[in-house]
């Protein structure tokens, strides 16, 4: 995480630590997970992300999407821990492009419909910030299975190179490595069709994401994603959530078809004068 | 549980067994060929139908050409008709069409003379594959052999035939092809090839090979059995029995000789027919002929 | 890096084994050469685009087969490729069922059969029954000659069949994305058996009229092991569409 | 255990003799099979069927843009009940729109296996996952555990696996009646029961068989079989093919050129 002014760095680190401290109940000694057969820290299991799906920059509006009341107590809180204002550092033209979505986000026209609502893959890091997902670690890989849209992401941890640059993929091309008990994932080759939430928080196909997943306890993983996109943002920004191991879900994710049953939803959007 | 390895072992074993079964007839008479590793007689080289079958590809009954046609093909003006009767059964040398098929063939011959649609131009002039036995009547045939198969390469439209001789079954009926599905076996020095699964166009009969340019068509029940009898190092007595109960009144047989090309290091060259063909002027001529009522049947024997 | 990779991956197999080590389980012809006779297929999406490409409607994504992921076009040739791409629906010679040329015939997704003999190796392609007769240890005829599939002359370099191909016309493309060449195209193919069921197919392409330097593509070829595998046909000139256009041509 | 081991010695010498021996139960193939710690053949890796079965699982001639194929159905005959044979003909006639693949729906089993796209097998002792490039279809094969109580309907069915010697046997039930076996209209009902057998022949080939049973549609079970090829390209990856999004990409927010 490069910041423009080195002096600022310690302050930022301090700030993110404070944000984390109150949430952490476990003892100070760092948690050491068991190992898989091929020596990876074993973080397998089904998790629920604790973040938000609706507006990562302002948690007050989480509920509008499902027509509940806004929650003023969360106003101003954001999942973005850097920059400190919790906002995505859009370049001027990009901030402008996003404005119409604010008026329409409750009742969007097809052009402004959230790609997720059309069952398209949610992209990185959003597919970690949605609903239950499973971490599966076969030899040499970490594989994430989502319940939503039966999407999956394969993260090889074998040191192999990325695919050629101009092959753009919905969930990008991930390469992972273990630094101690933290999985560090470099995600390149992202296409430009996914958002980070319902509010058209978009990116270009030059986006690169560096994720850090650190198990801090048997049932909790801290997740940080540093997002870089010189075409759309003025500087890199960092997004932070955590995952709780799901106790009630049982051990098997089932198939959730989306496209197959989505024709009806798409029809709802196409109201007169809207399609 | 059939494994790839197991399958190939079993197949090659079969050929060995097959070969031992018939040594007697080879030694009895004629040519004693050199043998390939899998026991097949070595018939590799380049071959071509002899002069007397030269025009049979155009018409198995009449041969082909008239003086003007020959000039166009830079052939001797007198190179007309068949030197030697190619159809040996029935004895009259005519194709034993059933009544309805005679009518259909006439229609083809009339359209051939004054084509107004692409469908009227016969498959060979549209650079299509010729099927069997007609592929063998069109220029040089290079034969290569590998364990378990005989491969025939042609110059015309870079066609080829792959003839397994390892006893494997025919392809399923549903996978019909223009060249038909060949399966061969050796009886002494005679390569016997059964060909079925021919591609059949039930509507226009023109998106399938014709047995000759004179409209000799067939249906999905066509079955051809070829006998390539290698009488000596340079001569094949070729015979083919053609059978289609829906079109012909009886199986009929053609026979002629095929000779080894003596030309040293002869090489097949690329013959890109489809890339160069243009049929539009033929259609233009056909439309003019029809408009002026000058339609006649295509023939070389009538005046 | 490979050793650590192997440590992580007990299951996955990286086929970067040196060809010689693996080639000894390769069947051999009586004259001691690797016997590549059989039916083969390239399994990739190079037929659509030999460069890396994302998925499109009907077009699977592909990692590309060109070394370095870049074709060194001259400026005007690069412009022509862009124009070809824009009009590929009508300009691609494949849409007219013309012979595909070399090396495109190898990776069209259709099987092809290698018939190997000491003096001649013939390759029979299911697509449009394209045929290449590769003559061993003999010189090209004097040019200029223009063939769709070029004139192929080969020799053995150890266990690798090296095929030199010249005398092309300028009508064929390398894929459906408009990558093109001139009649001065010179192709050198290297067929190196990795083991009984895989060949490493490497092609060097040279055409001073179109490219600033030679460039290479490479891909594995897979021996088809389907039960009773045989070539069938794709007689595309007989399909209605090609049929009709030919009739209308002047 | 070296993965790079090849078949010792030369194959040719044993050709004549070996063919007289009974078929070897386990696969001798070229080179010993890679195995996991618990001794099972390791099927992990990226695989692909190379066949025209997705056009038509039965033998078929070529048509425009449709390559010919020998078919993968054993005996090349599908034992439809009379009404079902008529329905299949109707499907074939309307295949351009009626085929679920035209609408980018999940392909079902066994069709997912022979789509012209690669898929990756991740193998662990009690759970095998298969991730498909086509519309990121996924199958989770839970080992040595029984199907949950039905009735349930999944597009990709519920898969339970076990090993029989070196063959992975996968029992799949709880299908919808929405998927087809190919683009030629071959269909099934929600009573479909598929038993897949993945038998590695060499480190690079799996013999894939699927027995198909559906008392509502067929008069008897029938079987398909085809080889799967391990993809050996260097750095091969399963990519993506999100066909329902083709032509709908948005550009209103792309950066100024």
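Chains here go by letter, A, B, C and D, matching the order in which they are written, and residues are numbered from 1 within each.
By our rule, contacts are C-beta pairs under 8 Å (C-beta built on N, C-alpha and C of every residue); 3 or more make two chains touch, one makes a residue touch a chain.
Note that the structure is predicted; figures quoted are calculated from it, not measured.
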Length of the shortest touching-chain route, chain B through to chain C: 1
Of all other chains, the one whose Cα centre sits farthest from chain C: A
Centroid spacing, where centroids are CA-atom means, of chain B and chain D in whole angstrom: 40
Centre distance in Å when chain A and chain C are each reduced to the mean of their C-alpha atoms: 42
For chain A paired with chain D, centre-to-centre distance based on mean C-alpha positions, whole Å: 32
Whole-Å gap between the CA centroids of chain A and chain B: 67
Chain B, residues touching no fewer than two other chains: 2, 4, 171, 175, 177, 199
In chain D, residues with contacts to at least two other chains: 30, 37, 44, 61, 68-70, 123, 201-202, 205, 227, 235, 237, 239-240, 242
Sites on chain C at which at least two other chains make contact: 9-12, 61-63, 197, 225, 227-228, 230, 232-233, 235
Overall pattern in which the protein chains touch one another (line/ring/star/complete/other): other
Touch relationships between chains, expressed as pairs: A-C, A-D, B-C, B-D, C-D
Sites on chain D touched by chain C in the complex: 1, 3-4, 6-7, 10-12, 30-31, 34, 36-37, 42-45, 48, 50-51, 61-64, 67-70, 116-117, 123, 133, 201-205, 225-227, 229-237, 239-243, 246-247
Touching residues (chain side chain B, partner chain D) in the complex: 1-6, 9-10, 12-13, 16, 171-177, 199
Partner chain A, residues of chain D touching it in the complex: 37, 44, 103-106, 120, 122-124, 127, 129, 131, 135-138, 140, 142, 154-156, 178, 235, 237-240, 242, 244-245, 248-250, 252-256
Touching residues on chain D, where the partner in the complex is chain B: 15-16, 18-20, 23-25, 27-30, 58-61, 68-71, 76, 199, 201-202, 205, 207, 227
Touch list for chain C against partner chain D, complex: 6, 9-17, 21-22, 24-25, 27-28, 41, 43-44, 55-57, 60-63, 109-110, 126, 194-198, 219-220, 222, 224-230, 232-236, 239-241
